[in-house]
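Below: a set of structures, written as structure tokens.
Each of the two complexes below includes chain A, the first together with chain B, the second together with chain C.
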Partner chain A sequence: MAGPMIEQFWRRRLRHLTSFLLLVGVGGLWLYWQQQNLGRTSFSSGYVLFGIVLTLAAYRLRKRWHFLRGLGSSSAWLHFHIYLGFAAFGLFWIHLGFRWPMGTLEQFLATVFMLITGSGFYGLYLTRTYPKKLTAVGNEVIFEQIPIQRRQLVRRAEALALDSKFQTEILIEFIDRRLLPFLTRGRSFYYLLFPNGGTRRTLLTEVENLNRYLASDHQAGTVPLKRLIQDKDDLDFHYALQGRLKGWLFVHVCLTGVLIVLAGLHTLLVHVFQGGF
Partner chain B sequence: MSATITITHRPQRWDQPFGDSTATLDLTTLLQQPLFAGMDPEEFPKQIPLEGILRNDARIVDFEDGDIIIREGDYGSSAFLILSGSVGVVLKTLPSRLLGRSERRQRSFVDSIREWWNRSPVAESRGPKSSDTGPEVASRRGRDGQVRVYLQDIPRILTPTDIESMVAGELFGEMAALTRSPRSATVISQGRSRLLEIRWQGLRDLMKYSPQLRQYTAQQYREHSLKVHLRETPLMHGLSEQAVDSVAHHVQFQSYGDFEWHQPFREVIRQDVNRQIESEPVIAIEGEYLGGLYMIRSGFVRVSRRRGDGHHTLTYLGKGDYFGFSEILQYANSGSSVPWQHSFRAIGYVDLLQIPTSTVAEYILPNWPNPQLGAKRGRDNAERVVSSLPDPLQSKSPFVAPTIDLYEPWARSAVSLHEAAPEHQQRLEQFVQLRLINGEQAMLIDLDRCTRCDDCVRACADTHQGNPRFMRTGPVVGHHMVANACMHCTDPVCLIGCPTGAIGREHSTGAVQINDNTCIGCGTCAQSCPYENIRMVEIFDQQFRQQVDERQLPILKATKCDLCVDYSGGPACQNACPHDALVRVNMRETDVLSQWLDR
Partner chain C sequence: MPAPHNPTDGDRRPVNVLQNNYHRPNFPWVCGNASIGEPCWTGPTADGACGCRAECYPVARGGGWTCSRPLHRGGTCSEGPTKDGQCCHERPPCVPQRSLRAQRQRLSYAVLCLVFGVGLIIYGSGKAYDVIAPGPLSSPHAERLAHHGNDRCASCHPQAHQSLGQWVGGLFGTASNAKPVTQTDLCLKCHQRDLCHEYALVAHNVAPSALAELTAAKLNPQATNVGGAVIHQVSGQNVFGSTFRNGQPIACATCHREHHGQEIDMKAMTDQQCQSCHGQNFHSFELDHPEFKSWPRVTIQGIRFDHSTHHFKHFPHGNRPFECAQCHRDDRQGNVQQLVGFDQACGSCHQGKLELSAERGFALLQLPSLDVEALRSSQQDIGQWPAKLSQDFDGRLSPLCELLLRADRDAGAGLDVLGPGFDFLDLDSTDRAQTVAAGQVAWGIKRLVADLTLRGNDAIRQLMQIVLELPIDDERLARLSQNFSPTLVRDSAGLWFPQLWQEVTPEQVMPISSIGVELQANSAMREPDSRRLILPNDILARLLQSEGVAQDERQEMLADNPLQGVYGSATESAKPNQSQQATGPTNVPGPVSPSAMVPATSAATADSQRSEKKNSDLPSQNAAIGLETPSVDDPNLLARNPLAGYGNGTSQLSMPALEAPRDNRLSSNDDVASQSATGRQTTETPGRMSNQNAPAQEPSVPVSPIPTPSGAGQSKVVGWIRDDGDYSLKYHLQGHADLWMKEWIDVLIERQSKGNPQTWLTFAIGEIAAPDKAGNCLLCHGDRVRPDLTASVNWTSKYRDPALKGWTKFNHRPHTLLPGLSDCRSCHQLRETPAGQGGSSPAVANRETQTAGNVHLAGFSKMAGNSADLVGFTGLNDGVGHRSDFHSLTKTQCAACHQSGSTRSSCSTCHNYHVGQRVQK
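This part shows the complex of A and B:
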């Protein structure tokens, strides 16, 4: 079985960046040539931009329809998508003449375009930084299994409460009042926006403080409690980060649909009201 | 306090004899066979008597004219002794269709669209086709009721020179059974024949307690395969026919470790690394006297050096690799005793060929083409080496090994790893500890790039009846996950014991495949896979009705990654990863592996 060809990332980036700059250069020259020949660059740039947007949106189809795998790997499509996205952003401003549009539809269209571009840049940032943060947590978690794992943690906590080794009022009270609510409830919207270890630290400190009230043979009982707090916090962290990794894409894809409809409408209106030469 | 206990029979090795009926075995006649007549029953231990082996680990099988007994490329776990009649070894490779194998056809783009359009909303649904027996082959029921594939119109397919006959008293298939390697040829019955099929467990014991059988199999291997194997080794290139014959004559066969390494695997990997290393059978120990040149016939060998009180794994070797040459070469050039520079231990099970130092010095060193040392020097020293070999018993005390130049191909990566960052060393250590080195198409996921989008899983499910053939879980080494996907192992232990031969290696791609049509859902392969990469699934019809048998028990099928061999463009998982986080890689190709891991 033949092994895969391994290409270093910097080499690939260099290759793609060179191609991208060449493409942009050729496109710029073409627009300049049009302008010099008194052509209407807004039409040509608009059509090219609309074509680029459709091509960018086609990546979704490539991902969804696996019989299209013959058209290149998903990763090759993503690179193309990213560089073409940069090109679209530049062309968008050329198309607008570097001015924010005045018409209501055009303003809405431009806003949607900017939101898609923004979500694209944000997605690029997320996909390049969040995986490392998730890996650093240690426990690998599948997003769809998080609710199941949360329930397992609750069962573990309940089993601890019933364990004879933990039959002290102090520990049972902590499990009942502090741990179980933490394990059963979801995290706040603020946490989902800015995941942090505040609650984890607070609870771990509380567990540590319980030792003051425990006989020495019961102090070992705090170790599994700490483990449960850490596991739940790790799950929540995964939920927040993986949720965001999925969420931005959802927004990005939905906005693309809106953009294509608006751009189509814009094209239609432009042709209806273009007037004669 | 009273406890309820159930007294039950402790399972024993021979609770389930190999044959369906022991009545058909006439032991007196069997023991008169030349192969067994020479064996001394007294040499066998009381708990594993010769008669017991024959009664429980062997069975009589009858074949009709043209019946295929073994197929080239199949992994078999038994050997055959011809009791009566004769069999023919087919010297040419027969088309797959004649052997009852399905010919794989890659799906075209249009096929893929059609398949996607007609896909069933029900996962793991099987249409009426699943009851087919597979490709159109000539088959019939044997006297024992088993279905046998046979060759039709043999004179049209094979000329007399294409077949070599074997007659009563001869043994075949033992090498594939003992080394878990594919059958090297197809064997058919010539007329009616009666064979004794001995499963490998019995064969192993017969070999262990019978020097005659050991000698016989060694002789068979020496005559048929060894010279080919030696000529394929780079060290032997350029050697005359006579020299290869002489080397072959001196070769000794050695085996280390447990052939059924996959059974205790899960306990072994839980051990501390140092304990695991220390429990591995030692082939050679750093600092001790050199035993000769070793060539690996099958299995894996760990190469390590002492570090403090522990051992530091530098690399792992597999089939075709050799070790000990540099030490012999250095010895030949310096004339002073050179001990092993590394320790070599069997990982799981390993089969080795040992060529004595004197033989290497006499036949191989004079032809060593290394320009730095020169062929002449090797030749000049050869005679001196042969005459001055030290007594191994005198050199037993360990001492600090001097550093010498290493010429084995694996040495480069071992030396570089020795100087590599601790995380790289740790990574290799874990790959070996978890036996992931067995993978020829292991699925590695770079968790620092993986966004957990599961596009890989979805692509796999879309390609395989709505159910993914792997799980995005598995051991994590550094920031790389080795996902629970079939690794298409070098030593595919899942192939052992499949009663219908439904699981086997694809000839063209080397991928381990399950024939869904012939899989009976017994689960043997899933239990044997040490990495838990085969799953049994319940199947449904197109109307989402579960398929059950007459007793209302669900029909199961074994499923696993098939590398998408039917599709162009490689595995769907790798193809679908947008972030280049996933790769299918051969763990033996350490250079490619390192390149990918350190991109």
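This part shows the complex of A and C:
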């Protein structure tokens, strides 16, 4: 079953890539032809770029408005969105003449475009790499339910503390002093930026060290503690990575409106102030 | 298992309650307790209120209320709802939070509002143009517009003053139908001096027809000397409306892109831009640029200098080194090799020859020797002619005299028969046509002398205008006449033609002149026999009368006439009728009209006899009117000269030579034309009378000490001189850079370049300026074509017209800084002419070619039929037909340095785009 699916995936990618390269080639030849004839490629490339931006922004409408599903699946739109994004990035630099603009408005417009494009590339990277990392953690977690699961872990820890098998002072003290704060508090900003297993390893080491002070019949009680620490750390890992998966959209989506408005203003101005006849 | 909920039965629960506990991220609100891991099971309402204030939302059923708590929340409670339908298990309300999607949306709106807000602030602050400007201006434009404030945008963008609505309307074509002012129009408003305005927006600023001719010439396989590349016959068209087809206007902004910063050179062009139109594309200069066929392009040099002969013959003969730097200097821009002046470069060898030529003088008037008896026997009575010149036919007319005589209808006809430069020695007395022509010329000379006597410079002006069909303004007249005084001619007339005023009446002087017409009209009212001696005051009186001057005032003015007392009293002159009565209307001998001489032989003989009788009676007649008849042989003539007070009263008038300061000398490397026309004050030599002793007759012509040419310290005669030895009025030239000679050559060549050149005009130019003639000017001075298509002589060494941009450009300075190229001869290698082999250098060959047929005007004559479109780029000044003294450069010499990746080798390094004539600043 997996074999045919992979084959279908590559066929689709090859088909899309071929179409994309074909369109890019045709567009490039068109611009080259204009340039060879002293044409103002900045106008043609600008109009095409503006059209691409509008098309890219329409993906959001497709996702929001279900009546547009006749225009293709959201997955197809996403593929189209990605390829067009790459084309827009190349066309953007052609439009600028591979030179950063010098005007205030144009610099702002270019900055917005680059922020959107950069966040798009970042999002593409995240969506292509993070799912594998999250899958490697082993359990599927919904981002919005992470607080609930975190709460459940706290309750599990509280239940362990009340369990008669763990009625040792050492374990109770560890749960109260080390485990519950770990379970209830969020992770540092540094961890959200660079998720790591440092705290997890530290706590597990501490739990392991408790065995030296526990009687042999109580040592089995450290196992659920280790499990709680691992689950909480996995949840935090999910939270950090899925937070990024959702966070880049704040830049990518929120600036789209500004980009369209500024691009429209830019189009108006260049037509009004164009130097030709 | 509870029964499925029916939403139509008045259930008030939120929608997600009807589903399950699954979180809906597309919902705008989430439970406020979700962040602590304990969200309610209902979630917030659609408007963001807490939707879970109780465990359930009771359902009305069967007239009462039933608990609806779902199973995953514990199922139906035992207590059940209250009587009013409320859940009995209330919960503390939460503060719902927005979902991530809702937060993104709000942030989007916030950013958009922020941008709008900032935009409004900028718009209100008046800095909008600073913000929307796509970048800083280039330095030249920035400097020019630095003080324009917010109006600086409107200096180049006509829409800058329009409103936003007009901008949007303009996009959709709702603007005014009137032809809008374009940015290109505003560009040309400032740059109109830089371009040929007519073709400013055409490719290369060249007329399409001319460009097509060049392309055709390039495509012609027979073409050997046509540079440049082929132009596309059909170019592309921008899909957005900008056309670039041949002949279509090209906006300035097509190539010159502004707002790219101060450091950007807007004039810099890429090879791709050049080759977008040129069909013959080159990858690089060193690889596939065509080999030079003739570069540096041979131009008609400002100074025709034969480098080869001087280098290989003259300088070695004088045992002097031939160094380029002796004559060539770097100018400030280093664009051309500027020449030093004549004195420094040429004077040491050529000054003497020029002075000899100048001392011979150039005749404005020179009487030929005519066999009066032979003419009379051929029924051509020319009246009184100087005895010394009446024995046989000999001599020639001076070219200027011949030129002025052509304004006289009869004399012009005679000159046409005799031909230009006719030597009277060759006159066949048996040829009636020639004898008649000689008679016409003789009478024309007399009328010319009379006209010059009466009107002086005005006569010269009018005669020149008639002959050359050119306007002669006062400044030019001043330069042409150089203080020429009627007094000098009057004295000459008195000496050479004592009976002039009996033979020639003012009516016959210049019938086509206004004076002549006026006098003719008046003379028609007189009796046929009332011919008498018309004095200058008579003419002046008639002029004043015709101009409506009152009689009293007229008499007062006539009394002030400086000529009174010379030919008669003012009173007598002012009262012609009284004078006429006193002398007797029939006793005054009248002149013999040339036209009256032409009829039958008997009549001519009778007229001739009558003329002789009248002439013999002239002294007594003149005495009767108080006029002394001058005679060449009269020893007291000069003593009665009214100018005698300025000299010693004898024929040997002399004045000490005025030695002009050296600074006033006319330097040959100065622009001769820039010098103001100044009067000449000369010294006299024995036997010659100069007008310099006469009081100024032309107050408009300034008189200043004349500078003596090279050789200061020596007495030198410069100016008008009457030579009674050969009966001529001559102008003695200053030497090199004589203004009088320059102006005469200029005016003649200007007429020549107007088209339809006459043989006599070409002859006159040749006689004046040809290398072997008196002027000797065109030996060295080449020709050039002015913007108005008139030709002129290159009087200066700056033969390159700064207003004329050609296809190629070159800057010597960066090249000569290189050690290997510091010697001019590293690039400019002379064509060697082996001595003793009879070969002539290219310059000599050019000169020989041009002097063949005494034309020497190859450049002037060939341009007459060309259109204005071709000026500046088809080689009118390119010396077509000339050979350079130097070998042409090869591409290899340039490509040794100019290679891709090392030294600039782009198209624009050596080629200009904007060519043609610019308006002189």
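Quick note on the criterion: the second predicted complex is superposed on the first by the 268 of 277 C-alpha atoms of A that agree within 3 Å, B and C clash if a C-alpha of one lies under 4 Å from a C-alpha of the other, contacts with A are read in each partner's own complex, and residues count from 1 in each chain.
By definition in this document, a contact is a pair of C-beta atoms (placed from the backbone, for glycine too) under 8 Å apart; a residue touches a chain by one contact, two chains touch by 3 or more.
For clarity, every value in this text was computed on a predicted model and none was experimentally measured.
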Per-residue contact with chain A, leading partner among chain C and chain B: C
First, second, both or neither for A:Thr168, with chain B first and chain C second: neither
Which superposed partner A:Gln219 touches (first chain B, second chain C, both, neither): neither
A:Ser75 touches, of chain B and chain C: first, second, both or neither? first
Which superposed partner A:Lys246 touches (first chain B, second chain C, both, neither): both
First, second, both or neither for A:Pro101, with chain B first and chain C second: second
Touched partner set for A:Pro131, first chain B, second chain C, both or neither: first
Touching partner for A:Gln152 - first (chain B), second (chain C), both, neither: second
Which of chain B and chain C A:Ile142 touches, first, second, both or neither: both
Shared chain A contacts, counted only where both chain B and chain C touch the same residue: 142, 246, 249
Contact footprint of chain A on chain B as seen in their complex: 109, 112-113, 115-116, 440-441, 447-455, 459, 462-463, 472-473, 476, 479, 481, 488, 509-511, 567-569, 572, 574-581, 583-586, 589, 592, 595-596, 599
Residue ranges of chain A touching chain B (in the complex, touch as defined): 1, 3-4, 6, 8-9, 63, 65-67, 69-70, 73-75, 77-78, 126-127, 130-132, 134-135, 140, 142-143, 242, 245-246, 249
Residues of chain A touching chain C in the complex: 33-40, 43-44, 99, 101-106, 142, 144-145, 147-152, 154, 246, 249-250, 253-258, 261-262, 268-277
In the complex, chain C residues that touch chain A: 23, 25, 30, 34-39, 100, 103-104, 107-109, 111-112, 115-116, 130-136, 153, 156-157, 159-160, 162, 167-168, 170-171, 182-184, 235-240, 242, 244, 249-255, 257-261, 272-273, 276-277
